[in-house]
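What follows is a set of structures to go through.
Note that subunit A is present in both complexes that follow, paired respectively with subunit B and with subunit C.
Right after this comes the complex of A and B.
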């Protein structure tokens, strides 16, 4: 193992001795200095997870969360220097984390929070112009084959649990005591200007947005949504997406 | 499978009608940044929207409360009315400033 790998291994193992060959500029004990550094690394990574997953933390409490984050952090140290991206594997870890089994919706709430952070840092993109839509409408026969490009911040989360209501209750919207966590909900996450928005999508709506995000043509996405839910309101959902600037382009298959 | 499903379940006309109506309904697209101004010296530490100088990169990186070179988006007109204990004027400013001791 290289010196650097030994150093990193010792950082993440509290039982490991101070790596050999360290010296302090002022002659103090390197083992003590290393312990301080190790503590700072561990605490800052757990703090980063707590900042990214605030509702997940509130659901299980500070003590449980920090212990769980510590186990995750030692198993999966950051792979990137961008701390904002740290924790991408945390929801999947929570799902497998035995002590969290009694809170089955915890992993999906963490997924929602991760999508919010991604939306926050996603690139800007101009919404599709009304003129472009007008041009598409002028040629209705080709409309079903068009594909929509979604805003880079857009994400859809389909859950067996009431993720949106749970998350919203922790933002001061709605009463947590009234939320039944076992009602399936789907979330639409998209950044409008500088604000990341989280909306509940009804059945059908989640199918439409997920299909568009997957790059399916408009006609097929709408048909799948109608198949998922007979009374699906296509107009209202398209209006919602346009109003939020969630669609940025319409592409002919030949243009792609 | 998709082709027959598309043509049976939803005609091109129905889709055009839905999109046309949606366009009308959404006539005023939401825009956030237009009615905001950058305000220096009012953000709590880590809550700045951007710009905080050497040693930090961008949003959420300011190291102290009311840091003079970190700004936050606030509603237009409200910046110079927002108290900032580190600002020489006592309020937020529209440009970066050197903090006085709070």
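Right after this comes the complex of A and C.
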């Protein structure tokens, strides 16, 4: 093994002896000095996860979170120098993490937080202009064929748990004690200007947005939404998306 | 903003750094932190420059680029990399070099710098600046990596001296000689981190003044100042940790004054990455650095008068 590979192996294994060939001017045990590097790496990577998943941390407490993040980090150190991308596998890890079983909604809250960070750093794009909206919606007969382009920051999360209410309660909106975590909720995450917004989407609404994001034409997306919920209100949902700047284009296939 | 002319004489009469018409101004600067974005734009504090960590801005869009564009319009900029892993055994990541080139192209910084350290191995990133032995093998490798970096980015880079906690039995060169040969072979400049010189001096019982004096000071393009934390090694000897999480220590200010006497006025960054205080606290440290830069300027004028 290379010297640096041995160094890395010892960084990530707290039980491992420190690598051979390390010295100190006073002949003191280099393990104590090596521990500074081990601590820097472990603490900074756990801190990076704590920055990305603050509500996940609050739900289980600092001590539990840091222990859980430590297990994840040792199994999956960052594969990129871009720490903003670190933690993509953390929600799936939480789902399988036996000690977190008693908090079944934890993984989905982490998924919501991951989508927020992605939205925060996503590419900039101008929302569709009012003139183009008016033109796109002018001919009702051609509405079903319209295809939308979603803002690069847009994400939809469908959960069996009350992810939006749980997350919002940790932002000071609503009383956590009043939240029933076992009510399914869907979240729309999109950056509006410089701020990432998190909204609850009713059933049907989540189907519409996810279908548009998948590239389905408006008519097909609306039909799927109606199938999910009989009283689905297409006009209200389109108005919401346009008001938030969540769509950057609405075009007929012939215009594309 | 005052720029140095090439080959001026320092107070001691030794030639001081070769400078570049587009370099950072000989003033104090601050690390740019998101919690200060809005206040900086609202108050436009009187500062020489801002410095960013390149890796934090290798994202597609959003607030980081929004604010950096506006701040870049108002201030000179230094881009400081923490992830290139110049000291790594493996080759440099060409994707990362491409990303850095794009970032440098976008923001046209007055300075680009990286570390004498490694932070990646086998595709994993450790978010820390790890140490390397100093010998002929590692020297060749580091020089090769710096050559490739400067070719790829089509500019001269500054290399930062590290803070370290251990030494290697495999080292055959001392750190200052190692750095001097890198600078001589690659033509890169030097980012003199005075805090690192002090921290490593205490940790390895080296004289930090002698260490600084042995570096190729004519090639220093920027100074870093930061705070450290105190620990002990297994024998109870002091072990200083380069945390960037505290005020600059008195001993580091003294060493800074020693360095400036030899360098003349030099762009100086107040580096704070943890426990970040209000902007006003950092601005006070920047003003303190500018007083020392002013003394160095005055000393030089007296010599040349």
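Operating definition for what follows: the second predicted complex is superposed on the first by the 233 of 256 C-alpha atoms of A that agree within 3 Å, B and C clash if a C-alpha of one lies under 4 Å from a C-alpha of the other, contacts with A are read in each partner's own complex, and residues count from 1 in each chain.
The criterion applied here is as follows: a contact is a pair of C-beta atoms (placed from the backbone, for glycine too) under 8 Å apart; a residue touches a chain by one contact, two chains touch by 3 or more.
Note that this is a predicted model, so its numbers are computed, not measured.
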*Could you tell me if A:220 is touching subunit B, subunit C, both of them or neither one (first, second, both, neither)?*
first
*In the superposed arrangement, does A:27 touch subunit B (first), subunit C (second), both or neither?*
second
*Considering only touches as defined above, state whether A:194 meets subunit B (first), subunit C (second), both or neither.*
both
*Using the touch definition from the top, say if A:130 reaches subunit B (first), subunit C (second), both or neither.*
first
*For A:77, is the partner it touches subunit B (first), subunit C (second), both, or none of the two (neither)?*
second
*asked:* With both complexes overlaid on chain A, does A:4 touch subunit B (first), subunit C (second), both or neither?
replied: second
_In the overlaid three-chain picture, which partner chain does A:245 touch, first (subunit B) or second (subunit C), both, or neither?_
first
*Give one of first, second, both or neither to describe whether A:171 is in contact with subunit B, with subunit C, with both, or with none.*
neither
*Looking at subunit A, which of its residues have contacts with both subunit B and subunit C?*
194
*Any idea which subunit A residues touch subunit B in the complex?*
127, 130, 133-134, 136-137, 140-141, 143-144, 192-195, 216-220, 222-224, 226-227, 234-245
*Would you pull the subunit C residues touching subunit A in the complex into a rising list?*
55-56, 58-66, 82-83, 85, 88-89, 93, 96, 118-128, 130-131, 133, 165-170, 203-205, 231, 233-235, 237, 239, 241
*Note which residues of subunit B are touching subunit A in the complex, please.*
2, 5-6, 9-10, 12-23, 25-33, 36, 49, 73
*Residues of subunit A touching subunit C in their complex?*
2-5, 7-8, 11, 21-34, 36-37, 40-41, 44-45, 48, 77-84, 120-125, 152-153, 191, 194
